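We call the chains A, B, C, D, E and F, going by the order they appear; numbering starts again at 1 in every chain.
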Amino acid sequence: MLGACEQHGYLSLLTDAKIPLALADAASQQTNTLVAPPVNFGASPYFLAYPGTLSLRLNTFVDLVEDLVRSAYGQGFRRFLFLNGHGGNDSARVRLYELANQLPGMHLAWYAWWASHSVEIIAQKYELKPSHGNWLEAFTFTQVVELPDEGKVPPPVRGLLSAEEARHVYGDGSFGGPYKADKAILDEVFAACLSDILQLLQFE
Amino acid sequence: MLGACEQHGYLSLLTDAKIPLALADAASQQTNTLVAPPVNFGASPYFLAYPGTLSLRLNTFVDLVEDLVRSAYGQGFRRFLFLNGHGGNDSARVRLYELANQLPGMHLAWYAWWASHSVEIIAQKYELKPSHGNWLEAFTFTQVVELPDEGKVPPPVRGLLSAEEARHVYGDGSFGGPYKADKAILDEVFAACLSDILQLLQFE
Amino acid sequence: MLGACEQHGYLSLLTDAKIPLALADAASQQTNTLVAPPVNFGASPYFLAYPGTLSLRLNTFVDLVEDLVRSAYGQGFRRFLFLNGHGGNDSARVRLYELANQLPGMHLAWYAWWASHSVEIIAQKYELKPSHGNWLEAFTFTQVVELPDEGKVPPPVRGLLSAEEARHVYGDGSFGGPYKADKAILDEVFAACLSDILQLLQFE
Amino acid sequence: MLGACEQHGYLSLLTDAKIPLALADAASQQTNTLVAPPVNFGASPYFLAYPGTLSLRLNTFVDLVEDLVRSAYGQGFRRFLFLNGHGGNDSARVRLYELANQLPGMHLAWYAWWASHSVEIIAQKYELKPSHGNWLEAFTFTQVVELPDEGKVPPPVRGLLSAEEARHVYGDGSFGGPYKADKAILDEVFAACLSDILQLLQFE
Amino acid sequence: MLGACEQHGYLSLLTDAKIPLALADAASQQTNTLVAPPVNFGASPYFLAYPGTLSLRLNTFVDLVEDLVRSAYGQGFRRFLFLNGHGGNDSARVRLYELANQLPGMHLAWYAWWASHSVEIIAQKYELKPSHGNWLEAFTFTQVVELPDEGKVPPPVRGLLSAEEARHVYGDGSFGGPYKADKAILDEVFAACLSDILQLLQFE
Amino acid sequence: MLGACEQHGYLSLLTDAKIPLALADAASQQTNTLVAPPVNFGASPYFLAYPGTLSLRLNTFVDLVEDLVRSAYGQGFRRFLFLNGHGGNDSARVRLYELANQLPGMHLAWYAWWASHSVEIIAQKYELKPSHGNWLEAFTFTQVVELPDEGKVPPPVRGLLSAEEARHVYGDGSFGGPYKADKAILDEVFAACLSDILQLLQFE
């Protein structure tokens, strides 16, 4: 549902929209839950020096999320599960808390698949560290070019970088680690996240 | 590029995103112009009483457009053609004029296919009046259910209706006229709009 | 009611405020409808390079319109007819639709005299094309200097111009066509618009 | 230049716009200074329960002032004298200070005629206390109905009243004191304020 | 409660927060009124060229005040006394009036100690003129360095200065007059203001 | 530097301001770094049903952070370390990234002490789980009442709760776990965080 259009190294600019959309579609097929059209843009100010990154300002993004919630709430929808694909979008959670105080009877859930406990367990099992633009996001449907065989040493970063600095430091855009993993591992990730989502959709 | 998620009678909720996207893809194939991910939401406050209409506030929508322009401008893009599919989005033009005063060297064009001179001529030729949710938007790729054979008498409307009033007045959501037209006519419409777009893409 | 302070070639900077005000006063005399003080400023970013054009940002303008409506609504007013004199102000319609969803029992109407069907018919009758700063706005009460006898060839414009470009392209500020018309024609225009307004004031 | 449309007891709703406009016109005749169209609305939330008071939100009003300054600054204007007629508009001063930090070479002055030292002296001389909607604002050009002969005892007010409370407390809208004064005194006030303005227009 | 972090000549940067806080604490001890945490920042755009001045934009400051009021109102608080220490914060009064129209049953009072009638009387008694950064604010708890013995001639200022101009004109930051006064006078000031506050806290 | 005024179970309402302030003061003593006045309010919409929680809207809070940065940047400051004490404030990081793109040469660092790797290690060493309002925040200077001896079973929470729901679910306000820990452990936490901060202050 909530994605971003930003650089992901060798992966699609829409990686952060495609993954939650794939999860949403899979969950919808099993539960008939309605899937809203994807929000193709998120808040990615730190990647603006990479061509193709289209970033919304913090305010614009959270206003957009609010407008979607209010539109559907006004029509009687009461249960919203946000499938977020992009870390910079997390601020919307604060706005959702504000809305929860204003719109009675609403059930809100938020799922950031890459930061889920499920993913953490799988990553530990295979001794793979998840990071931006590395193996964890390299699904078949997010790959657009051939991925390097050799992994990348994560550059040391302290403090908050400007977009120019970030491009200088990260080069190809990946935050480091292996660029790819066995399809079986990614299938396991996908299945685990889907399972999380199906449970959240019960809103209990 | 700019669409909306709103009721269109018997047509897809994403009609206003799908048509400009189809035009953009066709133009891109001929010219290799980059197509930005679609903005799936527009400003449709008057349709909010129809379930499925997700409307952005005026400010949110124009801020979003501004953010996309500024993101790409910062990366060196200078030519932007906005393919708009929804009348409520027209206000973004004022914001674009404001941006044109701030970002030197930018070339901006805006194309509202349904309001183009080309469409007007075709409509007159076949004596079909274009309107929201009628034949003009009934492309094969926007149809989701069977369309009625009989047209609809346009309800008389004066003044600005609230969403509740609009749903009461418009019923099935179409503004009236025939619900469908020969595929050949819609192909002619599509081709004429595509031709307009290709000309605009020359930015001369 | 809604005007603008912007260049109009050889006409008054307040042309867009004076015409709707004149219409409002005439309508008020016949109906005793209250006329709010004029909003002397509108959204005219494209004319900012012409000295004397004072333009409000899109947001400022629509916020202002909202504030006026809310002020009067809070005092019990329920019927509002907006007489708009300036194309850049049209975005306020979207805000008015938003307000219509929030303030029950309100009747809103909007009249853009220059774009009315009545004006279109008169223009066709006399084979005069209406445009910014040409004969259509050249009432006796908007003229401040002598008008040229010769008309102007409309400069070709495609895309959205910045204020600097607009001044370069439009020169004296008129969009082209004859600078003046017989007083009888303008009287006819005024009478037709007044008639439209009187009908709208019935709010039926 | 900056006024308001709000209740003034027995005086015109546009009292706060008319007085500075009269002063501006008088000053303009002596100095050829350009007078911008009046801002007919100010921030008067406390009078919203009086029909006819049209109040802008604080933000809307200061944004409007900013837009006017930026429009004229962009065209080369550098000296701005704000003739304010309404106490609720004073917040715009803070925004003007912000603008002074952003727009180099600008000279800004602000004149609130009713709070001037000149008015204070005249009021003391005649032992008349200035207040909202009393003699001080009762110029011939702001009177719309006959004024009461008897003055009014100012109601005691502590704290900030809501609009409903304010209407309850103030009744006819005047804050108390005599409703009128000799025309000679008001002429003296006008002349003293005009003299202040002429001095401020030297921007020294 | 409402302060500022801005230059005060030889006094603490937090002078405008410390004084109302001291008054609030003293009043609280006598009445058990709750004292909210101090707002350490205000709107001081004109002092931004003095290092250490941290100024909020007008909008940010009034939004902050609104948020605090709404937070407490939502929990059942109905009486708010704002002890303001900084002139630039006065615009919040307009926002408070707006809130008073929206939140029924609220009692709002505002106290700007330095501009109170009590201070005016004491200042006249001792023939000391109050001004920014002079004796009136030189309490023992706001002094951070030794104060000059000699007073300062107030520089003549007309119009609204930018921050750069203000620093140039005001030099050490004081607006002029004696830098200090007898502790007994300041005690008298403090006691008079405290007495005002205790009376306001009765909300009658 | 950045705190909050919100419920913390048995701890001070200002817990989230006091801890980073204590850390800042300690770091300042060792390095002479300037410490800005604390921001006593943060974004805590989910605790608004607990009396005493004063929460800023997301926008207000991030605007405030922006204003402080811009104020100091304008005076030549280039290195900013934000010591955050409250999870709801994290959104300000996105705004800081936006600012990093606009203000060249700035070095920004952000430290959320409770979420630091140092704290994580200490917590694991003593087998204590950190959570809102439990032992981790129970420093001597944040305690205001006696703490319970028995810990609390963390209530299960899925989804985003409204403030009313949160108060119902969390009762005393703590998220669960032991309410206190040995002073030695908290000293260790403080020392470890201080060490982190001293390293970040080198901005390398």
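Note that a residue touches a chain if its C-beta (ideal position, glycine included) is under 8 Å from a C-beta of that chain, and two chains touch if they have at least 3 such contacts.
Predicted model only: the values in this text are computed from it and were never measured.
*Asks:* Pick the pair from D-E, C-D or B-C whose contact list overlaps the A-B contact list by over half.
*Replies:* When the residue numbers line up for over half the pairs, the pair is C-D.
*Asks:* Using the average of all C-alpha atoms in each chain as its centre, how far is it in Å between chain C and chain E?
*Replies:* 47
*Asks:* Would you mind pulling out the distance in Å between where the CA atoms of chain B average out and where those of chain E do?
*Replies:* That pair's centroid distance is 54 Å.
*Asks:* Counting only residues that touch at least two other chains, what does the list for chain D look like?
*Replies:* 48, 57, 59
*Asks:* Just say which it is for the chain contacts: an open line, a closed ring, a star, complete, or other.
*Replies:* ring
*Asks:* Could you spell out the chains in ring order, with the walk beginning at chain E and its first step landing on chain F?
*Replies:* Beginning with chain E, then chain F, the ring reads E, F, A, B, C, D.
*Asks:* Could you pull out which chain B residues touch chain C in their complex?
*Replies:* Interface residues on the chain B side: 43, 45-46, 48, 57-59, 62, 88, 90-91, 93-98, 100-101, 104, 106-110, 158-165, 200, 203-204.
*Asks:* With touch defined as at the start, can you tell me which chain C residues reach chain D in the complex?
*Replies:* Residues in contact with chain D: 5, 13-14, 17, 36-41, 48-57, 59-60, 63-64, 66-68, 71-72, 74-76.
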